[in-house]
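Below: one structure, written as structure tokens.
So that you can tell them apart, the chains are marked A, B and C in the order they are listed, and the count of residues begins at 1 in each.
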């Protein structure tokens, strides 16, 4: 039962979703399964929250190195969950002023909005922005034109970097309009429309065949890796 | 000199990058932008829709990609307001709803306050739903199953705009602002394959090359990275002179720092290769 | 005192002095946020951000504190570029907690309440959070299935019952596999092949269009050569080897363009952070 039931569930769910695209009578079943899936996707976030809680609580309890930061994480987590679930500071919806819980949980000015605006936005944005520095460092240290392939890669990057800013337009502004493809922006457009499209298309065709094969293996119960390492 | 360049601390490169971006941000140089054919195609698609067409605004992005995608989203909303199209906002990223609210607040109810767009009639905000491509499939079949109410808790059945809106195919156009997964690729794969659906996309630089194979058969146009956003702003400014002032166009302003940072990147690549060649000539193993 | 500590102290003190001087001399109000009331249908007063020059503007200590916190956290994250440090770790710890909490809250209201509870306890939800929920909505017992599957998911925390967590997982994986099997083949296989079948002799208004023809030929040959490279059932030797080598070059062009686009994106993110620091916080320039 421990192993067979999950395989049956995966088979029934997969076949239903697939067949519903061909047999309209099965559409209601597909819709129902979709809604259930969306509910389970939301529950996954709760599982993630629970995992985070257990992991950091253990670090604090055992006073592992950096447990103070775990405490900061947990305090931040609890404050956010509390103000969000309690809809603290959220005014009721305009249409239903007598229902205090009817407002949108992320209304402007509410504490949850404040946490989003002044912590989530700046920190996540800055963390991603850090990558620009590391890309610059990598450009200096790692991008070496060692062989033909590397030279093609670098040459393309060179053209596209120039073609996607006004320097490219300025440098090749003397090129007549009939030879637009020889300007940096024109060459960039050709690279994107011909070579990038072709390269990505070939990758997509390959991936799609791989995805189809894996999906089929999962539905037929041949691929059981999702059940755990012992399977 | 060569030894200095070989041992160069990466923090000096970080400092150069910071200066290449920070100084132009302070000096605000503005460079002219011209819409490319790809941008023009998307602009024309929205422009040529009859007034009052329904546009589904799938804003699938979050704060880290706001720098690139925020101006695109704003331009899409601005253009739809100029054309008086009806907008249905929704997103599949949990951190997306405040960004949709921001566009509604600043553009629909801010810039276009005098137009008095009415919630429920001219625009609706459906809010966030998890489920990625499964949610997209459902939006393409029966939207009401996963959106019984909008983001403000109002029943979709009583709002004039959504009363008869069964699924995405009731929209005249889908405008997707996409930061990754789930995003434009999934809209093409799971909604575009179900029928005749016009999808226009504004995407991040990272994602853009992966989406070019979908153009022009599966996507009506792509705005790629901040350059795409700047081109779209330029297209709007050409048609609607009230937006010709570059100060009203975030993306055009951001193309200034972009230029200097690109030049720095190119200089670093060249310098790195010069050092590499010099090391080889010297017989080093680096 | 180490050299790095000295630099850190110097930066902190210099920055602090700079901020004090700027705050004392700036006419724009360093890091201050002003709000104005929003006309509301109900009695609860709400506010929205506005310019300091707005006649209805009121100073908001709540949002001003937020801007200063955001500036501190931005600088804390940037400080990692010099070296890992306590400020960066603090920002990192906070973002993990706040993000996890935020995602949990968003999914609770937008999915668990909006999709699950509305089906199982419509009356309760109508009286509590979604008063506009249709009066005719009745309990749908079928939604006990996702409820039970959700509970099973939590069984992974109980070692003796952890096997039950495989059931919802199987449902998720199976649903996903069934859905993507057909859709991906349609969008990324059939449609892509169809889009590659293009006319090699393009006629525009009855005359031969050289550029468009070369373009289409280039596209077709590039796709074929790339596919040849990915085809490993035949040894990459002789003519096939040469064709697949051209495919590698096309892929290199693809990756070069992807690299350039990625660089472009990352730089834009940095621009926005500097805009925040210089415009929203320090008010050094006008927006």
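Here, a residue touches a chain if its C-beta (ideal position, glycine included) is under 8 Å from a C-beta of that chain, and two chains touch if they have at least 3 such contacts.
Computed from a predicted model, the values in this text were never measured in an experiment.
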Chain pair with more C-beta contacts, A-C versus A-B: A-C
Chain whose mean Cα position lies farthest from subunit C: B
Mean-CA-position distance for subunit C and subunit B (Å): 11
Where subunit A and subunit B are represented by their mean Cα positions, the distance between them in whole Å: 15
Mean-CA-position distance for subunit C and subunit A (Å): 6
Touching two or more other chains - residues of subunit B: 14, 17-18, 21, 64-67, 94-95, 97, 105, 127, 129-131, 134, 137, 146, 153-154, 209, 213, 224-225, 227, 258, 261-262, 265
For subunit A, residues contacting two or more additional chains: 34-35, 37-38, 41-42, 45, 93-96, 102, 106, 108, 116-117, 120-121, 124-125, 127-129, 132-133, 135, 139, 154, 157, 161, 164, 192-193, 196-197, 200-201, 204
Where subunit C touches two or more other chains at once, by residue number: 48, 81, 99, 102-103, 106-107, 110-111, 115, 129-132, 175-176, 179-180, 183-184, 187-188, 192, 195, 254, 257-258, 261-264, 266-267, 269-270, 272-273
Of subunit A, residues touching subunit B in the complex: 27, 30-31, 34-35, 37-38, 41-42, 45, 93-96, 102-104, 106, 108, 113, 116-117, 120-121, 124-125, 127-129, 132-133, 135-137, 139-146, 154, 157-158, 161-162, 164-167, 169, 185, 189, 192-193, 196-197, 200-201, 204
Of subunit B, residues touching subunit A in the complex: 8, 10, 13-14, 16-18, 21, 31-34, 36-38, 62-67, 94-95, 97-98, 101, 105, 127, 129-132, 134-135, 137-138, 141-142, 145-146, 151-154, 209-210, 212-213, 215, 224-225, 227, 255, 258-259, 261-266, 268-269, 271-273, 276
Residues on subunit C engaged by subunit B in the complex (per definition of touch): 48, 81-82, 99, 102-103, 106-107, 110-111, 114-115, 118, 129-134, 175-176, 179-180, 183-184, 186-188, 191-192, 194-195, 254, 257-258, 261-275, 278, 284-285, 287
Subunit C to subunit A touching residues, read off their complex: 40-44, 46-48, 62-63, 66-67, 69-71, 73-74, 77-78, 80-81, 89-112, 115-116, 127-132, 142-143, 145-146, 149-150, 153-154, 156-157, 163, 166-185, 187-189, 192-193, 195-196, 211, 215, 218-219, 222-223, 226-227, 229-230, 247-264, 266-267, 269-270, 272-273, 276
Contact footprint of subunit C on subunit B as seen in their complex: 11, 14, 17-18, 21-22, 25-26, 28, 64-68, 70, 94-95, 97, 105, 127-131, 133-134, 137, 146, 148-149, 153-155, 157-158, 188-190, 192-193, 204-206, 208-209, 213-214, 217-218, 224-227, 247, 254, 257-258, 261-262, 265
